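Structure first, then comments.
Order of writing sets the labels: A, B, C and D. Residues in every chain begin at 1.
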Amino acid sequence: MVKVGVLGATGMVGQRFIQLLDNHPDFEIAALAASSRSAGKKYEDATTWYLNEEMPESVKDMNVIETDPAKMDKDVEIVFSSLPADFAAKVEPQYAKDFVVASNASAMRMKKDIPLVIPEVNPQFLDMIDAQQKNNNWDGFIVTNPNCSTIALTLTLKPIYDNFNINRIYVSTMQAISGAGYNGVPSMAILDNLVPYIGGEEEKMESETLHLLGSLDGGEVKPANFSLSASCHRVAVIDGHTEAVFVELDDEADIDKIKKTIADFKGLPQELNLHSAPEHPVLIKEEDNRPQPRMDRNAYGGMAATVGRLRKDQAFDNSFKYVLVGHNTIRGAAGASILNAELINKQIL
Amino acid sequence: MVKVGVLGATGMVGQRFIQLLDNHPDFEIAALAASSRSAGKKYEDATTWYLNEEMPESVKDMNVIETDPAKMDKDVEIVFSSLPADFAAKVEPQYAKDFVVASNASAMRMKKDIPLVIPEVNPQFLDMIDAQQKNNNWDGFIVTNPNCSTIALTLTLKPIYDNFNINRIYVSTMQAISGAGYNGVPSMAILDNLVPYIGGEEEKMESETLHLLGSLDGGEVKPANFSLSASCHRVAVIDGHTEAVFVELDDEADIDKIKKTIADFKGLPQELNLHSAPEHPVLIKEEDNRPQPRMDRNAYGGMAATVGRLRKDQAFDNSFKYVLVGHNTIRGAAGASILNAELINKQIL
Amino acid sequence: MVKVGVLGATGMVGQRFIQLLDNHPDFEIAALAASSRSAGKKYEDATTWYLNEEMPESVKDMNVIETDPAKMDKDVEIVFSSLPADFAAKVEPQYAKDFVVASNASAMRMKKDIPLVIPEVNPQFLDMIDAQQKNNNWDGFIVTNPNCSTIALTLTLKPIYDNFNINRIYVSTMQAISGAGYNGVPSMAILDNLVPYIGGEEEKMESETLHLLGSLDGGEVKPANFSLSASCHRVAVIDGHTEAVFVELDDEADIDKIKKTIADFKGLPQELNLHSAPEHPVLIKEEDNRPQPRMDRNAYGGMAATVGRLRKDQAFDNSFKYVLVGHNTIRGAAGASILNAELINKQIL
Amino acid sequence: MVKVGVLGATGMVGQRFIQLLDNHPDFEIAALAASSRSAGKKYEDATTWYLNEEMPESVKDMNVIETDPAKMDKDVEIVFSSLPADFAAKVEPQYAKDFVVASNASAMRMKKDIPLVIPEVNPQFLDMIDAQQKNNNWDGFIVTNPNCSTIALTLTLKPIYDNFNINRIYVSTMQAISGAGYNGVPSMAILDNLVPYIGGEEEKMESETLHLLGSLDGGEVKPANFSLSASCHRVAVIDGHTEAVFVELDDEADIDKIKKTIADFKGLPQELNLHSAPEHPVLIKEEDNRPQPRMDRNAYGGMAATVGRLRKDQAFDNSFKYVLVGHNTIRGAAGASILNAELINKQIL
């Protein structure tokens, strides 16, 4: 068993880490770090537990430690981070001196030498690690996963990108409130309402997606060569981001062929049979009114994206459109970091 | 005072007609028609009133009549219709023999000689009426208004279309539950959820918008010469459709100029000072997180669309994007028919 | 394995039966009956599946049969019913000629010789079965479970009733929308709203609770000798009924003693270790703001009620109050019938 | 015109004050006070406006001042306060040296010499003002209004209390999120959920109601001589508190007589024809499923409570039950203070 730590352990994504790591076959939680306000308390006392699933017994009595690499048990090999971007930028490099940091934070996703990875999409980006360690003189390293709405989108785009020539993409999101953290969206803001703005989200989707589908060229990422425009909105859904996607190809959009390509898609995690890997990264629904976040967010334990309404776009040549749903705090956050760690554990550690 | 009748008077849009016609300076409700189940009852007894506004005193004791032109008082000049499409296709032509029919039904919007009109956008389409009357040998005529999500979109596109060359448009909607009628969306379907499908809606938006922005050429409508693709979704909002719009122009997208063009936009209803005309058909909001349906749907009594987040689209040349909100049962339904009737009353009757 | 059938198999509670019976150690679904509209189709094709959990593979290809005892495979021993009350009153007696009917329908709960049972509360009522079979000349019999809001309440009252003298009870409910069936509550009725009325619910709670806590005297039920008044309301919650309970005892209300009595409470299902029996029928929460339906409805797989805010009532002598949550379609419906069947299977079949 | 100031002007209740005072026939807003963070800014710039109604033009350019009596224009006669309890306890007495303070804060409601008043219920409590001024050597004085859920309840109890002998009352509330302020209830806490706890609310309801229905005896309030127990819960409703009320009388509960008594009830504000006084303080609904917060909260501009389901309580002798809805930020907060001020302006100033 690999000993792991969780940074930001009392927050929403931190709780997901703990829930998903409970009874994990390869990883064992050995350390829970949080702010100094929580440090020194038992996890159970330091935490207002938000998940519908019960808090695992195994963590209730664990002592919360400070977010300080010096306080981290040296037996720990992997540190999962759901720290706020600013703080992550400061402390993740400190942890990387000695630990593998599997980070959900946005701070360093686009940094040189830091792999931004979805295991089904661009596992080869892990090749950056050597340079990262050398350049920084670190024993550990940092691996990041993308933003929640980017992951689900990119999972569905990967088989399309590999088999067709994408010319342009427009995506409009309807995102769940859990993505903003427990106190992020006041109920006064979202009941009988929606909020058509999520700070920084559109920029992340536009840059990260092309980065993930790009290629590694002399240690540098060459982004995919199409363009993507995003409009992001918050709606009254607890978990599960929904995205309406418009795709223009260079050539004819053969709906049956596109569907088959997506349905057949498997990646390295499926090949390696990683613990958290969904049997299929993307499910296809044929019903008119699917996917729906409440019905589809938990597909394969929340680790698969679900695609529906895949149809020809009658308005434009070579075009089609579809709707996708992905679980934002599982596949879109904690589950993404864990899958990255499972791949690293299998191939690198 | 022009005497008017309401068809489908007990339904959701029927109730909006009644609420908006209460204390109207030009129109006086003289007849309320509904299904045979309601006919013969007092309106108050036949109706489960759904609106937050109180049922007007003036209609409570009115006798509901059958949906049959023979039962309609001959003093009535204008008949407002919110009948279901199938039934509308059958009975609206019967009413048109003697009455002006201002219809919110979708049945005949795209039919030859039947004007589909937004008074700020294409009032000149009313010129079809002569041909319609002649061809059918009717004393009355039918005028229709577009689908709820089309109206708000087209109001915002009109000033852009008139002043810039639109190349393509993508629109993704987040539509209110009231658009489906009182029993249209079960609460089990929409709580902590959304439904990414509204039957026929995308087709209506794609065809009606281009029709409305088109030109009248020898009595036939020549649609606008750009393309538009829609993806339509139902969210947990009571009233007010929100739409994310991506626009590509042929030339540079000068955001300031576009904003000014929209903000300055006024049409014939504003010029004629029609009773239901909003001072501005489209409002512009500068706040990052607006428009929101609960905050903006009632702009100018629900008769204006509100545009926000008008911004350059960094992903594509000559492109910009924005978000709009419009009240679906006021400007998008009953209020649209009433504004059509006000224009007809001023210019034709 | 005991072969079982499900009546009303395509409805919301029918789906819960199927989900809970999937992988059941004692029961095997051998027949799915529904209306003639569904009969003859594969279950998967006949059903719009509503649950967040996936439809079990094992039922997808099963042929739906008509709701007619003559069509039921004779190997079936137990028939679970979630039929509407009227129809249940007609056909459940027909099934009882040959089958054990474990019914969630309200039709015959208060009928002479028909046991209304919660296994933790009044398992001795199963003694009525002999008389029922004799009087009707049936080989099978009918056993019923109470209304959803009654079950959770009565589970929490049982230990209090056994250990203290209850004088009076007031209960005010906040009930989930799933209790009304998929189409029962339009979203227009419940968004930014609540409905302070559920037809027949208050009467059921007031009579069934006293009946369940009553004693069997010469084959007749003598209801418990206190009074209970209920006020029932529907709120925007998907699953999980919440109830505010005010209790007046004859003697002093010792909060610690009452809490301990409830926490220690176990019944026959726990003793017999029945498959669906929760380890504790009632959980106690100490946090100020619990129980909450979304957080607590799934306690012990939805089979336990959760009590919180158990506090002295300062306004009245000998009084206390508390709040409870119970899952209305699991412990309050399908799970209740299944637990009844497990008890019958262990003790009678 | 009486010049008035608003303390806490940027908050939710502060915004209601401003909205209700806009175009008021007797009062004119002359000062807006808020925290030092807002002081010095234009009101429009200092405020995130939360109400569906537009911010009145008249306040947009007003300069926000600090919450300091020395900064308040001496022409101001009445100061409306929606300050937090702690801060109110400190600064309201300072304002009372020179100004009339009409306060919605809970800090001093139960204090000796400070009238807690609902004008329809206990206008005679204003007689305490003389003693208050003398004892404190103030030129101004403080008048308070009750907690939001107390006001609606007490309005409905007043005619009952005056005409029947109340023995005991149980009340269970379902309260709107706006009662907790804009950021008070995270959406994660209330979507598909409810929270069965509102800090201090039950205590306020239990004490304030008896206080308001009590009598003034030698300058001291003698509370009403029955008992009341409350259980308070937060539900997913934006505005409008709903309360289920159980009443036991000493004598027979004649439903028709009780209804008539409530329906006929009018108080001093109706007699004096005060601007904000509803024509009837309490409306009676006969429909089974009313009152509902979204449909009934705005009765008489949100200043009336609505009662429905008034029915005999079959479980107990001399008992009846009903459900009420009242607008928590209008009649339950800002409107209550304004009505108090209108009465004071008419009778005292």
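FYI, a contact is a pair of C-beta atoms (placed from the backbone, for glycine too) under 8 Å apart; a residue touches a chain by one contact, two chains touch by 3 or more.
Bear in mind the structure is a predicted one, so any value in this text is a computation, not a measurement.
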Practice task
With one step meaning two chains touch, work out the least steps from chain B to chain D.
Solution key: 1
Fill in the blank from the handout: So the chain most remote from chain D by C-alpha centre is A
Handout entry: Distance between the centres, which are taken as Cα means, of chain B and chain A, whole angstrom
Key = 41
Practice task
Would you kindly tell me how far, in whole Å, the mean C-alpha position of chain C lies from that of chain B?
Solution key: 48
Fill in the blank from the handout: Contacts with two or more other chains occur in chain B at residues 191-192, 236-238, 294-295
Exercise for the section: Please categorise the chain-chain contact pattern as a line, ring, star, complete graph or other. Expected result: complete
Handout entry: Contacting residues of chain B [partner chain D, same complex]
Key = 52, 191-192, 294-295, 298
Problem - Touching residues (chain side chain B, partner chain C) in the complex - result: 50, 177-178, 182-192, 236-238
Practice task
Going by the contact rule at the top, pick out the chain C residues touching chain D in the complex.
Solution key: 168, 170, 172, 174, 192-197, 199, 206, 227-229, 231, 233, 235-238, 242, 244, 246, 288-295, 308-309, 313-316, 319, 321, 323
